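Which chain is which? They are A, B, C and D, in the order written, and residues in each are numbered from 1.
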Amino acid sequence: MPITKRVNPFLKINDDTGFSNTGTANGGRFINRDGSFNLRKKGLPFWERFSLYYSMISMPLWKFASIIVIFFVGINLLFTVTYLLIGTNEFTGMIASTPWATYKEIYFFSTETFTTVGYGRVNPVGDGANLVASFEAMCGFLSFAVVTGLIYGRFARPRAHLSFSDHAIIAPYRGGSALMFRFVCYKQDHALTDVSVQVNLAMLLQENGKSNYRYYELPLERSKIESLPMNWTVVHPIDEKSPLLGLSLEDMEAADLELYVLVRGFVRVI
Amino acid sequence: MPITKRVNPFLKINDDTGFSNTGTANGGRFINRDGSFNLRKKGLPFWERFSLYYSMISMPLWKFASIIVIFFVGINLLFTVTYLLIGTNEFTGMIASTPWATYKEIYFFSTETFTTVGYGRVNPVGDGANLVASFEAMCGFLSFAVVTGLIYGRFARPRAHLSFSDHAIIAPYRGGSALMFRFVCYKQDHALTDVSVQVNLAMLLQENGKSNYRYYELPLERSKIESLPMNWTVVHPIDEKSPLLGLSLEDMEAADLELYVLVRGFVRVI
Amino acid sequence: MPITKRVNPFLKINDDTGFSNTGTANGGRFINRDGSFNLRKKGLPFWERFSLYYSMISMPLWKFASIIVIFFVGINLLFTVTYLLIGTNEFTGMIASTPWATYKEIYFFSTETFTTVGYGRVNPVGDGANLVASFEAMCGFLSFAVVTGLIYGRFARPRAHLSFSDHAIIAPYRGGSALMFRFVCYKQDHALTDVSVQVNLAMLLQENGKSNYRYYELPLERSKIESLPMNWTVVHPIDEKSPLLGLSLEDMEAADLELYVLVRGFVRVI
Amino acid sequence: MPITKRVNPFLKINDDTGFSNTGTANGGRFINRDGSFNLRKKGLPFWERFSLYYSMISMPLWKFASIIVIFFVGINLLFTVTYLLIGTNEFTGMIASTPWATYKEIYFFSTETFTTVGYGRVNPVGDGANLVASFEAMCGFLSFAVVTGLIYGRFARPRAHLSFSDHAIIAPYRGGSALMFRFVCYKQDHALTDVSVQVNLAMLLQENGKSNYRYYELPLERSKIESLPMNWTVVHPIDEKSPLLGLSLEDMEAADLELYVLVRGFVRVI
């Protein structure tokens, strides 16, 4: 008997997942392990498909710091080249005697200007150098504002700090069996309240000779708790209300079965 | 038979749209393509009718950047004039030998002060120049704080990043026809959850010799989804529950028909 | 017949207002015209009863700017005194020849340090002056951060920008009369959605020889709209479900009648 | 008769608290007086169990300020050592004649660079010193951005500013008795609206020879108010719907009875 026949036909299908059910089976996941959708969006230019701000606040810290440093060095090199094109005779106080030393001295003048340190030993006297220096100081000013915004954005980004068990298991439960997994809010000083959990199941089933995805919302032993101080074992009993009833491991693999979990809650204010 | 007679009289009218139904027909839209209301508010002075902050964070980037640069040049010109009125004899370290060179040297002194670079070759020694310079530095300080606030405001402004299909179409649907349009969250790293859609219809109808707007909320095949990873085709079946049943294109044009869409949802935290 | 007898005894009293009903009548309002509560809280020290941050972000702009300027001048005077106590011999580059000129020169050195301009003509060489200068620069640094936070707080403070009609009136309505007032979101680029209104009435009534306040929630013709693009005339019909039915102006004055309005809504994201 | 028998067996147990009911009795509280959970989380490295940002914005002000000052001094000492290792011959403008004076002069050069004051008397001429100085200025720049973010985070952290009565009491109430406590929003310019209260009770009961915690949600005279301008006396009548009915003080102590209160509300926008 094919899998499609063995799934309880009276179960309510969940058509509100936002996923298409006519997609062909390609064995890939709907949702990646990090919670992002396994989708590629096309049709718009690259820079419109990405939000620079969201990318910058959600990337790992080392990547963020590297971009800042590369930007800092890069923009100062750019201004250095501009100053050199204008000519070093528009500066006073320089002590370099070789071209290479001059390049370095102008580069460090640029960093002093960009960061608004402005020691002032080297300082611009010509019109071109003065104009570029005043523009560079303004750019430094604005870059600082942008970086402050990005850093605060990284700080204030609402985060759940949830850690899930590596595996969801099927284990004995009240005379039958149940699908179970656990999750926890792992930060000591961070908690969620009014937390609800929804577990959706996607299965690839054969219907009239075509492969279609069907989605079910799995009934849970408990789907809401008042606060999440400790770990929560989410339990889906595999009974007559479960689309998993009677399926073997092979069936599940054949049906390209995927579970995904929606957690909703509020970050608590102590 | 006039249009008014042909619209199903038993349909529930939506009186909670917030729009007046006694307005005269002028052919204009209620809501502009960018989502803003097609309204002009009067009776208060200009500067009270606009929120400077909201204007600054919602204007296009090039406009925002231009205002910053114009403000930067403008305020420095203002301080330059002030320093020149006080007299260049209140400064030390100047090297300019012509009036025009002096103007420029003071302007660049001003930019160095405003951005807090302060190279220090030119520096104030007189009371007036010192006082204005200390005030200018404070202004630079505060401007920086304001710009930081504006930039973060631009970053953090909640945005839906939705793209709608250019046209809403009437197409065959389950033996009859339906009004359909699509929308999508077009950013790769941005998603909405718990999204609901409401479609309102405004029609200008003749009642007792007067033109009045009537508003209907259109019943939808699906009005809520759990998340919006892909595009969503919103479908309004044109059946006996639809105010559009039996209307021709000419009727719709005569009735100054307008659809507007309310999307509600949460920006997802991965 | 006393007022208490004339108010419909079957009306549901609203006991969830948060106001006490055993307070004595003093003729004052419950809620001030600006929406704040007419209450004085006691028992805690002054500085714990106020939130410095909320005060700073909700005060008028001129007051906020004045406090910033006063703080700037004040802290620089403080540092000036400190430097003078340490001794001007710990500085190099000074040009003042009289005590008063010295005071001014040190004050301006202080402003240059606090704003991190640092021209550098005058600069500290002694240990004491150096230590205080490095501390002052750090204070400037931190003050800047605080001011940036306050300015952004002022920007980002959620505001309704609502304007109410000066008077609530009782006017003819559908054969009877109704209490009406209007309000509008007066900013051009600002709108609320999913707006609901609740109107509460407080009356002082004699019961068993004691004066007690009773609170009623007034039934409204419409209490919710989808968005608030234009003005909204809130209408409470004075019929048998209204506690105002049969009351004269003198009755209302005698009962120290107060209406207060709760508006709930979301700031719209275009 | 044991306590377990005396508690009304028909009362609904609250299984959605998020606390385990199989924990052994250790006499400790579930929730500390400051509202944090009395839990220790293990299994992850120390730095992953804490959120640096949340720690920094929720610690007392004196602690926060101390950390800032210690960080400021520490990072400048670090850079001082680096400059000294590079060699003081890479600097110009120094006036120190003893090693100790040199250390101090370099330390103050470092603070001038980190805060971007940059007086410029002492300034780097060698490659190493220049490179480190430009890096230090960038670090100062970034530290400033971080501190601004932390300070705004402290400002903007949503806070309830609630003060509870020191004791919950059992007092006469409508012929019987009731458990009561009061709380108030103690800030003058701060208020909550749409406030709801939930009171949970944890009791350690003997069941089949084992100690298990049972949780009850206590029925309240009033659990919701529209706004919280004054204090609120929360009242739980001890009647047949109360798990406390018939328990003596000794019983309560034996059952390790704990009450905890969840307050939900919105900070009001005037």
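The criterion applied here is as follows: a contact is a pair of C-beta atoms (placed from the backbone, for glycine too) under 8 Å apart; a residue touches a chain by one contact, two chains touch by 3 or more.
No experiment lies behind these values; they were computed from the predicted model shown.
Chain A and chain B touch with mostly distinct residues; of the residue numbers seen at this interface, under half occur in both copies. Relative to chain C, the most remote chain by averaged C-alpha coordinates is A. Here the C-alpha atoms of chain A line up with those of chain D after a rotation of 90°, rounded in steps of 5. Centre-to-centre spacing of chain A and chain B amounts to 26 Å, using the average Cα coordinate of each chain. Computed from the mean C-alpha positions, the centre of chain B lies at a distance of 37 Å from the centre of chain D. Counting partner chains per residue, chain D has residues 112, 116-120, 144, 148, 152, 156 touching two or more of them.
The touching residues of chain A, counted against chain C in their complex, run 116, 118-120, 148.
By the touch criterion given at the top, residues 15-20, 30, 34-37, 39-41, 44, 48-51, 53-55, 58, 92-93, 112-113, 116-120, 123-125, 127, 130-131, 133-134, 137-138, 140-142, 144-146, 148-150, 152-153, 156-160, 198, 200, 262, 264 of chain D touch chain A in their complex.
Residues of chain B that touch chain A in their complex: 68-69, 72, 76, 95, 104, 108, 111-112, 115-121, 144, 147-148, 151-152, 154-156, 161, 163, 184, 186-191, 193-195, 222, 224-230, 232, 269-270.
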